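If you scroll down you'll find the structure; I have some questions about it.
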Amino acid sequence: MLTRLLSGDTPRSGLLTALLLIVLISLAFAPFLFPGTKSLETAARICIFIVLVASYDLLLGYTGIVSFAHTMFFGIGAYGTALALSATGPTYTSLIWGTVAGAVVAAVFALIIGLFSLRVKAIFFAMVTLAVASAFAVLVSQMSWLTGGEDGLNYRIPRELTPAFKLIDEKILDVRINGKLMAYYLVFFVSAILFLVMLRIVNSPFGRTLKAVRDNAFRAEAIGYRVVWYRTTATVLSAVMAALAGSLLAIWLRYTGPATTLSMEIMIDILLMVVIGGMGTLYGAVLGATLFILAQTYLQNLMGVAAEATSALPFVSTLVAPERWLLWLGVLFILSVYFFPTGIVGRLRAGRA
Amino acid sequence: MVAKEHPILETRDLTIRFGGHVAVDHVSCSFDRGTLTAIVGPNGAGKTTYFNLISGQLTATSGSVLLNGETITRMSVPERTDRGIGRAFQLTNLFPTLSVRENVRLVAQAKAGKGFDLFSVAESHVELLERADHVLSEVRLIDQADQIVSALPHGDQRKLEVALLIALGPQVLMFDEPTAGMSVDEVPVILELIQKLKADMDRTILLVEHKMDVIRSLADRIIVLHNGELVADGDPAEVIALSIVQEAYLGKAPEASGEAA
Amino acid sequence: EDIKIAHVYGKTGPFEAYAKQSHTGLMMGLEYATDGTMEVDGRKLVVIEKDTQLKPDIGKAALAEAYGDDEVDIAVGPVSSGVALAMLPVAEEYEKLLIVEPAVADSITGANWNRYIFRTSRNSSQDAISNAVALGQEGVSIATLAQDYAFGRDGVAAFKEALEGTGAKLVFEEYAPTDTKDFTANAQRVFDALKDEPGRKFLFVIWAGGGNPISKIKAMEPERFGVEIATGGNILAAMKAYKELPGMEGATYYYYEIPKNPVNDWLVAEHQKRFDAPPDFFTAGGMSAGIAIVEAIRKAGSTDTEELIAAMEGMEFETPKGKMVFRAEDHQALQPMYHFKIKVDPDVEWGIPELVRELKIEDMNIPIRNQ
Amino acid sequence: MADNLLSLSGVHTHIGPYHILQGVDLTVPVGGVTVLLGRNGAGKTTTLRTIMGLWTASKGDVRFEDHVITRLSTPEISRRGIAFVPEDMGIFTDLTVGENMLLAAANGPIDDKRLAWIKELFPPIGTFWNSSAGTLSGGQKQMLSVARAIIEPRRLILIDEPTKGLAPAIIKAMTDALRELKETDTTILLVEQNFAMASSIGDTVAVMDDGRIIHSGSMAELAGDAALQEKLMGLSLEAHQ
Amino acid sequence: MSETSIKPRIEKVPLSEQFFQKLPVMLVPFLAVAGLIAIGNPASWLTLTVAGLAMGMMIFIMASGLTVVFGLMDVINFGHGAFVAVGAFVGFTVLAWLAGWTTSPSVIMNLAAVLIAILVAMAITGLLGLAFERVIVMPVYGEHLKQILVTMGGLIVAQQMIYVVWGPDELHLSRPEAFQGSWVIGEAAIEKYRLVAVGIGLALFVAMRHILKNTKIGLLVRAGVENGEMVEALGYRIRRLFLIVFMTGSALAGLGGVMWGLYQETITAHMGSEIMVLVFIVVIIGGLGSVEGCFIGAMLVGLLANYTAFLAPKVALISTIALMVAILMWRPQGLYPVVKAK
């Protein structure tokens, strides 16, 4: 049963299984295990990014396509939901049609871009998507009458998903059972389902073919696979998944703007999460996203402590000042690529042998 | 049946030009079902290019390729594969990070047309796995089935090339120097496989080889390419005896002929 | 019990410099207003800092964390308007006050406003209107150049509105993408539009952040067509570029030598003493916010949100810019602005905005946009 | 021994965790052709790469002209006058044939006389001088690889299976070329599967198996001794299965 | 000697095809003429054209280092933008020291100051390139994805170090006296500084072309990327060569940084990464590794941006990307690919 749920793709390493279980349990019971707004924010972010990163891995790890336009799809999904909610009010109908519309638009865009990849080489494709994504971001910021421009959109979501809605009056385990909690579990369960769907896709005959295309597209053609269609389908699937993740973010944040969805920075974060976790395995997305977001959220706090401890040393203390957390994130970038060349999952699985 | 009237494969005035260089020059030739034709010729004569034109890696400048009487000249590689053309490559060309079994399974999957099956688990298609294992035992690679291809010795990789072709089960099989770079003791294994293919199935085989003893033992017919042109075609013994083959290919004639262009 | 204040602002990211000023100002404002005790009514003031990283989602989470986990009484911030807009609903949700400083977007106290929002910084309209008042005279022709996004377009719209009735004529609006590197084409279009106009001709530039076009347009010698460049004030570092523009006119929000009042005197002296540099734009803003908080708590006599709102609506308080008033309708702090003209002094690193005229609160008709 | 240009004594080479060469002793006399035989995976290529410094021996010494070169870097080894024709041909496919040749002449401009000789040996070199080397046929690439190694006079040439994929006529041409080189005071260490070719040009021979030299001696002796051939080949066949 | 003759049939390549090969060179004049027709007013056209060409030159200077490193060494260096920024900061620091020279009315003194600033900036960014290559890039040769990540990491670290060294404020510096203002010809204004940029850009172009055409360096680097072992076996020290090329690329970024900084007059730690997308586009339009292509691409981008910004400002935003897409549809490898894209 469990293996069927995982599409037969078990973690294949004791430590990995343990880590994944810890992540799963922590996320499933996050509101109760780690009470507080910040930790709930972090947990929701992790859920959403697991889906986003996994959808990117579908493209990068399984199909071997480097694209910088993934945040564009993420953004399209988020804006779809956001626009529907702000235009037609906080109803479930608008939430759903906004989400669907976002996914459809993302699919159409992905189809066009995917077909373009027919013409150019991988590295050019990467650069083209980079340019397209940056143009898209500018476009969004210019069409402020629709998108709110740089300022983004603030909107309401159905009342049952907001803190104002109290499900029951008493607290359970000292936690308020309110709409926020509902919203979190919506994010959690949808993310879990999307993840399982992707796990199924990568273990399907289609997913296997993607790996073959990645390994040797030339030969894949010669045994009868129409490579372009596989690549394009993978691009579209991955875009739709990213768009759905975007919709989740839009619902969770009740805000959508370029900085939360379209920025190059997020794109790089996604890349790093995939690589840290391990490309070509969706479990890598889980670990990569979890670790990275934890680091991103708590590194600054940590550095605050370090800065105080070293305040006597003039140069060192400026280097570890919380303002310089990006510096250390950059260092982390470099180090993680060195130390996890095959990602955490690769390392754990190799360690098993 | 209409198909019976046609040779299984035919090329008519097949030509390809790279810049100004005519690599295959108006080659017209047809191949019958159940035959093994050896293609010989000096290095750079256009043998691999001819294969590429038939299987679709290259598209002809002019001329046409017909399979069972149907023109396939402008078709893409997968389309031709679907219609029954399969080939092995001169330089080994596999899926290096996948296992041996997965390599063959992918071919079986392609043949079964299941590539776009998105929501079933690949491992649940038992028939594909069985097919893969069957082919692997045929080529005596079943013991290495779980190895990753890139870790496989050279000879076994060549065998796997052949295995992929068998799993694909095309009407036309093309081998490009299957024994190149293989030590003396490995050669017979491959030859035996090709022999078996020829005997077991009613297939058409095209074979590029430089080793004359191999050709003698396998071929029903030899065609000779030279500077992209088809210069000889016929019974092995006769063709080998031709002076152009002796001179330009085997280098047997005493006097030197001409210098570089 | 301590009074907890959260300063939620973009400590890291491209606006790091603004952020530093803002924080220094806030702390100095609290210090000034409490005479250095950092206590109000016997309760200690504790300031918690949170970084938005200039990202709206993180800003939102940080504010929620401040209200929810740290249980602060009042929050101040942020630098960027986009982040501010995302933060507004959080204040409403937690029913706690947010004093916006120094984000400028009109919609913060306009369309997206809620009753928990106050703002000490000026808004875009105040900027635009003060400039319109400074430049607008009978017989003047003006073209605008602004960034092609909401901030630029709103700014021009407000400027245009304010220009009506001054007798000046807005002849051309040019918009350039925010990441424009080469302004030759834009300048050429502006020159083509202005060159045949009679009278004094201004090109008014509204540009926020980097990539400022002024010096590039100046290099094309607009004098040829009798075109003068005008723009608002800026932080000191950016006003170094004004050294090339002696005589340029415009209206600014703050320059440390302009306001004459005890608060500013203290700020300039203390800042010079502590940091060996004069206070800047956002230092003044931060200080205003600090003073506003202390005054409000004193006036309300508690940190209860409703009491604070009641106390602050219409509240007048002294800042480095003189008297400010929280307008009851939209909680925007009305404040004076300064019409300046650039003077160049070789010993000063930047172009010095010399006061031409103080634009008093009553000189400017700032529209209320939250209805 | 002064008349040995190259000698390996007790060379061990590891690739990652694998112990590939397990004590190779090999001598290459000055001025002749030494042929290295052995089944697939015996370690022939690894031996050549170890000499060239592309793998580093973990134990034992490689001597060249009485200098120990075991730990020198590849460029340094090359500059001592050793050329290398790798198993995979090592063609620069992005470059033209001419550019490939130009790079091979590391010590100055190409000597026209020598180039003319090479073009005569391998006509495609001339014909396709300005074509991208990646588009050459398999055999043409092999010719280019050998041509690069002989564009400048060298003391020693290491050649790894130069005849694979070559038409019989070209194999003959190649054999002749190697013979001619031998005349010009160039020593050759040749790895070959084609025993007919190897025996026609080799002076001395060494047979490898499992990372060791299992036989060495003169080529004439091996060529003439069917029993010995049988023994060596049989051994390798057995070892293979 | 040989007993075989291989005389492949070589036919003449049709003239139309040959013309097609040469076509890209014609694009720039073609675009300029099209611009003149569309704009109509010659004075406006001249102003825009010179400005566009100069902009193109500055982009070319910044892109040249990238195309060498990216095209020849197959290293995608996202850190290039950081070198541009560092170059600008170093250059500004030097110019600030030489304030006496830059404010002097003597053209010679002005030039000397700028030259010194450029040299110091190039030296520093070159050294930075050395560290970058050794520490960050070397372990990931041949792995694009990891290159993107580590160089992106390097970019962040370098930008943050600019904050540590120069503080978070943007830096402002006026151009030396001699380079301020414009020459006015009729109604057209030609900025002096832009002409300087054109001069430096042209000189760089000629020098690079010369080096790459007349020495083995370009060939060696390309060969080394494909098969480093073989290049070593031919006797070349490829590691050292890579290092030198990388340092040169970084130094060129430093040069670009000073030029760009003097154009912008206000510099920030992010200035380099902001312009990187444009620089990448130029490199791609030109074809990997091609100095000529990069040069033509940069001029096309510069001109087109100015023309469209004048004629139809709304379109300006996407004009560059449209140009790139159009060129890639026409020539999937860029105008003059030296290196095949993988």
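Just so it is clear, A, B, C, D and E label the chains in written order, and each chain counts residues from 1 on its own.
As a convention for this text, contacts are C-beta pairs under 8 Å (C-beta built on N, C-alpha and C of every residue); 3 or more make two chains touch, one makes a residue touch a chain.
The UniProt protein names, listed by chain, are A, E = Branched-chain amino acid ABC transporter permease; B, D = ABC transporter ATP-binding protein.
Keep in mind that what you see is a predicted model, and the values were worked out from it rather than measured.
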- line: Intersection of contact sets, subunit C vs subunit D, gives E
- prompt: When every step has to jump to a touching chain, what is the lowest number of steps that links subunit B to subunit C?
  reply: 2
Message: By the touch criterion stated at the start, how many steps lie between subunit A and subunit E on the shortest route?
response: 1
Query: What chain lies farthest away from subunit E once each centre is taken as the mean of the Cα atoms?
result: B
- prompt: Farthest chain from subunit A, comparing Cα centres?
  reply: D
For subunit B paired with subunit E, centre-to-centre distance based on mean C-alpha positions, whole Å: 47
Centroid spacing, where centroids are CA-atom means, of subunit A and subunit C in whole angstrom: 36
Statement: dist(centroid_CA(subunit B), centroid_CA(subunit D)) in Å evaluates to 30
Message: Measuring centre to centre with CA averages, how many angstrom lie between subunit D and subunit E?
response: 44
Residues of subunit E touching at least two other chains: 1-8, 163, 317, 340
Query: Residues of subunit A touching 2+ other chains?
result: 138, 142, 323, 326
Query: Of all the residues in subunit C, which ones touch at least 2 other chains?
result: 16, 148, 177, 179
Query: Which residues, counting only subunit D, touch subunit E once they are in their complex?
result: 52, 54, 73-75, 78-79, 83-84, 86, 90, 92-95, 99-100, 102-104, 106-107, 117, 120-124, 127, 148, 167, 169-170, 172-173, 176
- line: Per the touch rule, the subunit A residues reaching subunit B in their complex are 4, 7-8, 200-201, 203-209, 211-212, 215-216, 218-227, 230, 233
Message: Going by the contact rule set out above, which residues of subunit B touch subunit D in the complex?
response: 18, 21, 40-45, 47-49, 90-91, 153-155, 177, 180-186, 210, 212, 247-251, 259-261
- request: Quick one: which bits of subunit A touch subunit C in the complex? Just the residue numbers, please.
  value: 36-38, 41, 138, 141-142, 144, 148-152, 154, 162-164, 249, 253-255, 257-260, 300, 322-323, 325-326
Message: For a test of understanding, state which residues of subunit C touch subunit E in their complex under the given definition.
response: 14, 16-17, 20, 148, 174-177, 179-182, 184-186, 188-189, 192, 210-212, 215-216, 219-221, 224, 237-238, 240-241, 243-244
